[in-house]
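Pasting the structures in now, so scroll down.
Shared chain: chain A. Partners: chain B in the first complex, chain C in the second.
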Partner chain A sequence: MGNCFKTPSTDDITLLHDNDSQDGTQQAAPVPVGPPPPYQERAPVYYPSPNVSRPANMLTEDEQIKIAQRLGLISHLPTGVYDGCSKRGKECAICMCEFVMGEALRYLPCMHVYHKDCIDDWLMRSFTCPSCCEPVDAALLTTYETN
Partner chain B sequence: MVLPGKVGDSLVDTQDMHKRLQKELTALMKDPPTGVKVDAESIYKNLSEWIVDLDGAPGTLYAGESLQLLFKFGSRYPFDSPQVMFVGPNIPVHPHVYSNGHICLSILTEDWSPALSVQAVCLSIVSMLSSCTEKKRPPDNAFYIKTCSKNPKKTRWWYHDDNV
Partner chain C sequence: MAVDQSALLLQRQLRDMIKNPVPGFSAGLVDDEDIYKWEVVIYGPPDTPLEGGVFKAHLTFPREYPQKPPKMLFLSEMWHPNIGQDGLVCISILHEAGEDKWGYESASERWLPVHTVETILISVISMLADPNDESPANVDAAKEWRENRTVFNKKVAKCVRKSQDEFL
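Let's turn to the complex of A and B:
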């Protein structure tokens, strides 16, 4: 079950570097004594619908399917890196912080742009644009039709 | 860092929430909308609970009334909506405001968006009051205040009237 919940990270090179360096430090650290922490406390939390949060190992089958589909849809939305060009806004409406050069962004079909981490967190709860409330799946279909 | 039974409420979440609330507070202090006042000193002591003073808009049924809103923010703010209710001696008499201060307003639950803010919520509430044409309590007030939870977000609101 665990594997199908991982976000695809094939084209994200920064993540790979992170993993490498973490592996390196873990090897250098002394071997921890005692039993490993219980799995349940480490399970990632998902939001099958707004205001409902559950660790991954307590999701119903329908919720698992919904989450897997949602992850797939989110991965189809274009991403980019802030290059200092503020044509599509220079602030993330979710964290209210200005974009900094090099930060990962995600573009929604309605042309609103957010930090990738901020918007992905929201899209898992509700597949709508926080700024214009447009449902992202409907807007995705329109872009497919016009292209 | 992770509280038992509350998997995912990590320290990182709380830091993000504080950072955003700090930004909202700074913006509200610098450029407050008319009729909205926050007491920054009390908020700095506890950033997760805000008291906001509202003035009823001139030319409306609430003109001249002083009102107080209580905001409570959870560690998942702005992804989760804040708890918002009227407190203090003057709970406005309005068809969407219960006498215990709870407010029936869809942006506070199902229509919440993380792009909304304390300022946006305050302005929506002022606008909700301003469009009121007759001061009265919701028809189910007596039953609701006897049976509801202390947390208005626990109520399964049924948004039935968009005109008031």
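Let's turn to the complex of A and C:
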């Protein structure tokens, strides 16, 4: 996501090249000049706002920034693996399935626990805990302050 | 993967609901082969003008459920501020996360992936009993509910009778 921040002196073409070199297997050979290559398929799909789903390479710059920030924040939330004796709950409230030994979990600052995949998908749509509706970013700040 | 998860979750809810029916409504599938389309019958809440009504509705779930909300459509004729003339239910918990068309719905009022058929229908029943005229889907019904309750209740009574006739 190195292409998410504006550099005042350069233009968009260089930003696009950065993008290609990062996640592109399509254009492995370096292309120093000329127009950017046409975008290819198989980019991850994001939800910049409700009812809008777009592959990563079709996002506007603002949407890219928003999504990069969100991904960054999510990556700060602790994860773990279910070891069979979690005191914080035995079931994921999103898929309603009991945790199974070895499954990846994500812990929210409000102390609610979910499957990592279930909650990460949700947090990209809304940055709130589905169980208590606490905004995750506010709760994150509080944990930083108290630590 | 996501498709399987939503189907499993809905099957689980259907099983639970058959085992432990909830008063106020009954639920099943429109077609036994399609777990994403439910048919529900809501009983008009007691002590409201809707009492005695048996209202049929369909819930259509997207493959992305529970990350995205279902849509709910009444097949029975309804006269209610929060149900469109086409039967579409307009309540905030069925609005997708982040959606804030009118600028006043907080995250807790909107869709959450912890909602189930049961919690949705409980909200709908509460909406039936207690309309929210601030965001009407049926503006005429909302105006009448506010300004001319007698006429409003008469129209509702007609819907109740019609729902009973259709149910027989």
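Simple rule for what comes next: the second predicted complex is superposed on the first by the 105 of 147 C-alpha atoms of A that agree within 3 Å, B and C clash if a C-alpha of one lies under 4 Å from a C-alpha of the other, contacts with A are read in each partner's own complex, and residues count from 1 in each chain.
Just so it is clear, a contact is a pair of C-beta atoms (placed from the backbone, for glycine too) under 8 Å apart; a residue touches a chain by one contact, two chains touch by 3 or more.
Please read these numbers as outputs of a predicted model, since none were measured by experiment.
Contacts of A:S49 after superposition: chain C is touched, whereas chain B is not reached.
Applying the stated contact rule after C-alpha superposition, one finds that A:D121 touches each of chain B and chain C.
When both complexes are overlaid on chain A, the residue A:G89 reaches neither chain B nor chain C.
Look at A:S131: by the touch rule set out above, it reaches both chain B and chain C. Where the contact sets of chain A with chain B and with chain C meet, they give residues 50-51, 93-97, 118, 121-122, 125, 128, 130-131, 133.
Within the complex formed with chain B, the chain A residues making contact are 40-41, 43-45, 50-51, 53, 55, 93-97, 118, 121-122, 125, 128, 130-131, 133. Considering their complex, residues 2, 7-8, 16, 19-20, 23-24, 76, 78-80, 109-115, 117, 153 of chain B touch chain A. Touching chain A in their complex are the following residues of chain C: 5, 8-9, 12-13, 66-67, 95-99, 106-108, 110, 112-114, 116. For chain A in complex with chain C, the residues that touch the partner chain are 49-51, 93-97, 118, 121-122, 125-126, 128, 130-131, 133, 135.
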